[in-house]
Amino acid sequence: MDFNDTKEQAVFRAKAKSWLAANAQAKRQGLMAGTQEDRYQQAVDWYHKRYDAGFSCLTWPKEYGGQGLSQMYQVIWNQEVSHYGEPDEYFVIGIGNCGPALMTFASEEQKQTLLPRMARADDIWCQLFSEPGAGSDVAGLSTKAEKTGDEWNINGQKIWTSGAQYSRYGVILTRTDPEVSKYRGLTMFMIDLKQPGVEVKPIKQIDGGSHFNEVFFNDAVIPDNYRLGEVNEGWGAALMVLMNERLANATAAPDGFEDFLNWAKASDIDGVPASQDPIVRDKLATWYAQHAGVEATTFRMITAVAKGGVPGAEGSLGKLVGASMNQEIANFVIQQLDAGGQLTGDESTPLDGHFQSAVLMAPGIRLAGGTDEIMRNIIAEQVLGLPQEPRADKGIPYKDIPSGNTGA
Amino acid sequence: MNFEFSDDQKLIQDQARQFLAEHSPLSTTRKVMDGQSVYDSHLWKSIVNLGWTATAIDEQYGGLGLGSLELCVIAQELGRSLTPIPFFSTIYLAAEIIQQHGNEQQKQRLLPSIAAGETIACLASSELAGQHLFEARQTQFSNGQLSGKKIAVLDGVEADYAIVSATDTNKKHSLYLVNLHQADIQRTLSPSIDSSRPLASIEFINAVAEPLGADNAASAILTEAFDRAAVFTSFEQLGGCEASMQMGIDYTKQRFAFGRSVASFQAIKHIFADMYVAIELARSNAYFAAWALSVNDKKLPLAAATARVSAIDAYYFCSKENIEVHGGMGFTWEFDCHLYYKRAQLLSSIIGSSRWWREQLVSRLLDE
Amino acid sequence: MDFNDTKEQAVFRAKAKSWLAANAQAKRQGLMAGTQEDRYQQAVDWYHKRYDAGFSCLTWPKEYGGQGLSQMYQVIWNQEVSHYGEPDEYFVIGIGNCGPALMTFASEEQKQTLLPRMARADDIWCQLFSEPGAGSDVAGLSTKAEKTGDEWNINGQKIWTSGAQYSRYGVILTRTDPEVSKYRGLTMFMIDLKQPGVEVKPIKQIDGGSHFNEVFFNDAVIPDNYRLGEVNEGWGAALMVLMNERLANATAAPDGFEDFLNWAKASDIDGVPASQDPIVRDKLATWYAQHAGVEATTFRMITAVAKGGVPGAEGSLGKLVGASMNQEIANFVIQQLDAGGQLTGDESTPLDGHFQSAVLMAPGIRLAGGTDEIMRNIIAEQVLGLPQEPRADKGIPYKDIPSGNTGA
Amino acid sequence: MNFEFSDDQKLIQDQARQFLAEHSPLSTTRKVMDGQSVYDSHLWKSIVNLGWTATAIDEQYGGLGLGSLELCVIAQELGRSLTPIPFFSTIYLAAEIIQQHGNEQQKQRLLPSIAAGETIACLASSELAGQHLFEARQTQFSNGQLSGKKIAVLDGVEADYAIVSATDTNKKHSLYLVNLHQADIQRTLSPSIDSSRPLASIEFINAVAEPLGADNAASAILTEAFDRAAVFTSFEQLGGCEASMQMGIDYTKQRFAFGRSVASFQAIKHIFADMYVAIELARSNAYFAAWALSVNDKKLPLAAATARVSAIDAYYFCSKENIEVHGGMGFTWEFDCHLYYKRAQLLSSIIGSSRWWREQLVSRLLDE
């Protein structure tokens, strides 16, 4: 066991540190500083700068816009950048999920053209998997792709597509054969979203934001050379993409602990420092033990990945624990404040209304990328090897699977 | 022992439910949430016509002279339908305080007008998040005039009168009645989690004010008033819990995943079972508190705190898990789940939050 | 709403109060005072006394040993007797479950002979439903009853039979037809346990006690006139018996709160009264709200039953909440005491080692009469009307239902 | 970064696991639980021969001079197999305290003998349930003699030496080394929840004792010693968690209800998922604490407290839910579930219980 950098890693860390000090902005106070559009534009600018300085997509090959470094350098970068307030969320899915999919399935020419533009945030990418009738059960999707000559015709609807409103391209999973079982009739493609048959509608969330979108396809067209993987073998390809999402989830899911600790250190309750309040201390113990456990679990995953391993379903753990913790923390702090805790924009609200925002965002974190219940299923079945439930959809042609879903 | 509402009370409840189902759809709540108004004045007039504002006000002051139990069942239905009217502040708080502690002149001036729905009144006691609930550090009274600032006042934007806690020049902490239609009062709508029931900050600059209740009695009166309001609120919360669970059940029954109704998965079913348990505990505690309130039993303080603690926990749990069982759609503005989740937040804090009431519960339990 | 007694109820309460004051013993301190045998003998003596004074089986008709009173008198008795330390647990199942079964299904002569003896604890009765291969899934039982002439031959094994070691009779559920679906081939009987083909083996529990037994049947014999209900209609009869268990469970399950409150009032932690410790106070709030809620829920059930209603599956609530609370309370108190909290017989252990006993009994309370998971299923399906899971055993003849169970 | 045990350490662990699987079946634990002996002396000799007692003792004192990480992996396996030997008290506590704080003469006298398995030693610090962990109110030292009573001493019945906390005539609170083979020492076995690892009360009446460690340093030494022992204990607890979960999985997979394997029900699967989460959090926190211990990092105090809090919670949860998923059989003496449930209790309390460690965690976190 060893937490020290190698000599090369130490050099890289020093370089990253000094570049960040000169180029990155400090953490903002509030969660919601600026409009969503402002933040998006800041993020694009930041990625341009990063790319030009050689700090984008560190683990990607150089010819595709990366730096050809090992996973451990990415970890070091993440550690250093976490001290700053640069927005990241708009490109995580493109770079984390779509990039690897292209790396595996796209043609050499496509990779050389598309990946560097992705790395520099010249093109934003999104992932088009979930549907109104297929959320937890992604493979139950119904968006059709039908082949005519050398092209595919796409009809259907996707939902929960992060960043679709900014995206030039997407990676889409479609049904190409409804006569076989649901996992066996799927095909994955890249799709150009700037074409007539595609309509993107932002979804307003309960917190007022719109990170997610509905995307409608009405005879949209995909050339066959945009296909990622073989026809009807899209499920395997999609699993690879989702596996990459897991690592991102494991390391990125906000659990709210740092904010809670900051609040406890900085605030009074009835004139007594919150950090001296026994109930607050009791919660600090509970949540720190979980927070530290998730963080150290990430170290174990990083070690495994650095040794050439693949991130397993274990990554579900961080999101499962963190998402609920985030919600409980926000609610707990509000419950210390009586009526004033309801205010979202008052000068007396601690941390610029962070907890009031968080209590509204948290339910979404518990749902995005798999609900708590799906996460527990994944752990039980894929990690612990427990038997599946009797499946009403097993071995039945997709078109015959019982469904009461009527759309949204 | 008869631990159940009477047939008459149940009839009032059924009628209230039917009326609200018809006239208070969630679209009315959304209109206020979207900022189109601060309350639904048309609905307010309708429920006044039904006599709800007059329910627990004595007959001599223009009320119906019914008991608190009748008000409880109405509260449960208002909570279920999230009706956007200033009932909470006017009836559970202001009318109760005036009826219990006002002088004869104040009662005659205000109660008939409240019963008739002509006066909206609110309670302005909070000054700063994290400050002790009953302290009035920033609000002073002297020579018939009141100055200072109150925050998070429910229905403060539209109210005609406010009951305000303040400290006088002798450091005595009392309540004052203030007509809000005065030049030197500035009211500002404050953004809050549940914008379907707007909160206001109110700044008083030498506003004319008259004492309400005994001298230096603010803490005693507010303690009692919050106990009484806690009972009504727990019924509002109960109604909200029931609506949240029902939404979740209805949605998951007709929603399919993996070839099965989502409601048939054990993980989902057990969430509903846990909701049911939380609701039944909250219901039973609310009933007990309602009984104690109705006969003014010495168990009221403990019973009120217990009902409130249960109701806060149950509504938070049911409303957040209702979002969860809906999956992604539960997180959209379009679906109604968030209306309940936000209302659960508001009601959990508005007369002292969970922290305060848990401490009340324990002190009272140990004093028994 | 009204908690007052009627005039007649007040008279009865006063009578019960004064009789109890003269005849009942005070509460013991420790949970485990005396041996199990001592406690059993005390219980028998107590029931004799109660019966002779006219306080047994208050709601039973007079001709069967009862007092012909309404349910509300039973409630009053329960309230008054709860202030004393008389043992009750040995006869609850006989009187609560078997008695009503006889009342419905036995012949008039049997009722007149057997019920008064049951009411006076001259005969102890037990309920023989659960089996090694059929615990949560009671209807999955396999003990066979085969008819020869006017008698039935019983072979098989029952388990978790409370009080079988003291019992003269039992009510037994058997399989009489394995060719039909599992719910449709069951028959219920009374059985005389003092016969050669019956062997009772107490089960040692993790706390060292033996409340439960295994009962083996090896060509035991039941005359056909001991049958309770029609052949192959035993499931309906059994549900009636189990429904009565629910009311008993709802009112009897210990949740540990009173002990916790007593501990908090009487003990110090690091020299400070536990009742002033903020963490203890936080727990008092949480658990009192649940405890009071369960108690008030019981008032609601009693009101419903007094008005002629039937106790519904709602009764599951008290046990579900109380059993876990009991375990959490015991563990919490032990966790306030450092190493000394492990001692079960030291003079410094609070409440004579009550919490140390409780932490060992509590897991059993969560299991007995239906696990937490079964209780949640009952609430979800029977109270809330949620759809059943796909059933692997539905509509299949009993003998064809998949079973990996090999016995215990 | 390399946050994983080395191949050599994993080899030690594999060998320990295999050895214990063969030689320390749960029947040996049951023999002690049933009172047939206070520990398994045959197994003790075997593990001494394997060098486990010598693992972390310096080579100059007859040890192997390996690090604490090697001791951690052995602890995990001892915890998994519930091996009934006095390893905890002798190695995690006594040997560590002597090695860190004993004088040269004490080290030479005791460490080689402990490494060779000839001396069993224990720590006697508790005096009364509910009293502050580090207070010695009832035990006095004066003129080379020690008097007083200690309770809940793990391995106190069979130990040759005890490290005892006591207050001297100047109110200084120090540690003392006491040879337990003296006439005026009375040891009594105390009934306890986990009788597979017996506790004793020890009464000293003018027993000969010598100071161990600096004067008035009892609290400082015990704080440090408990931190170090907490790390090893968290690995024992981790092993017990894993064994509990595995028992539950194995049983429910082959057990059928409603025509299905019990393990296929979502309610059961999600209990296992929750066990897994608790275990992985405890594991990661234990690893981090092991690293901090191995390099004596300044994060050790916080890391040790965090590992302990996680491990206490995880073992309680896994062992109680393992009973639950077994159904009724889990509540029988015959099945092994209770062995883990009881051990979880013992290990949760023996070097300060959850309450104490949660407070340690928070003070250290806020001091950072």
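Labels for the chains are A, B, C and D, by order of writing; each one numbers its residues from 1.
Rule of thumb we're sticking to: a residue touches a chain if its C-beta (ideal position, glycine included) is under 8 Å from a C-beta of that chain, and two chains touch if they have at least 3 such contacts.
Predicted model only: the values in this text are computed from it and were never measured.
**Q** Sort out for me whether A-B or A-D is joined by the greater number of C-beta contact pairs.
**A** A-B
**Q** Look at all chain centres (mean of CA atoms) and spot the one farthest from the centre of chain D.
**A** Computed centres place B farthest from chain D.
**Q** Hey, how far is the Cα centre of chain A from the one of chain C, in Å?
**A** Chain A and chain C have C-alpha centres separated by 51 Å.
**Q** Using CA atom averages as chain centres, what separation in Å is found between chain C and chain D?
**A** Centres of chain C and chain D (C-alpha means) sit 39 Å apart.
**Q** Scan chain B for residues touching two or more other chains and write them down.
**A** Within chain B, residues 260-261, 265-267, 270 contact more than one other chain.
**Q** Quick check on chain A: which residues sit in contact with 2+ other chains?
**A** Expected reply: 279, 282, 373, 376-377, 389-390, 392.
**Q** Quick check: in the complex, which residue numbers of chain D touch chain C?
**A** 126, 128-133, 151-152, 154, 190-194, 199, 201, 254-261, 265, 267-268, 312, 316, 320, 323-324, 327-334, 337-338, 341-342, 345-346, 348-356
**Q** Quick check: in the complex, which residue numbers of chain B touch chain C?
**A** On the chain B side, the touching residues are 1-6, 69, 249, 253, 260-261, 263-266, 269-270, 272-274, 276-277, 280-285, 287-288, 290-291, 294, 303, 306, 309-310, 313, 358-359, 361-362, 365-366.
**Q** Which residues of chain C touch chain A in their complex?
**A** 277-279, 282, 389-390, 392
**Q** If you look only at chain C, which of its residues touch chain D in the complex?
**A** 130, 133-137, 140, 159-160, 203-206, 208, 212, 267-271, 279, 327, 331, 334-346, 348-350, 356, 359-360, 363-364, 366-368, 371-373, 376-377, 389, 391-393, 396, 401-406, 408
**Q** In their shared complex, at which residues does chain D touch chain B?
**A** Residues 265-267, 270 of chain D touch chain B in their complex.
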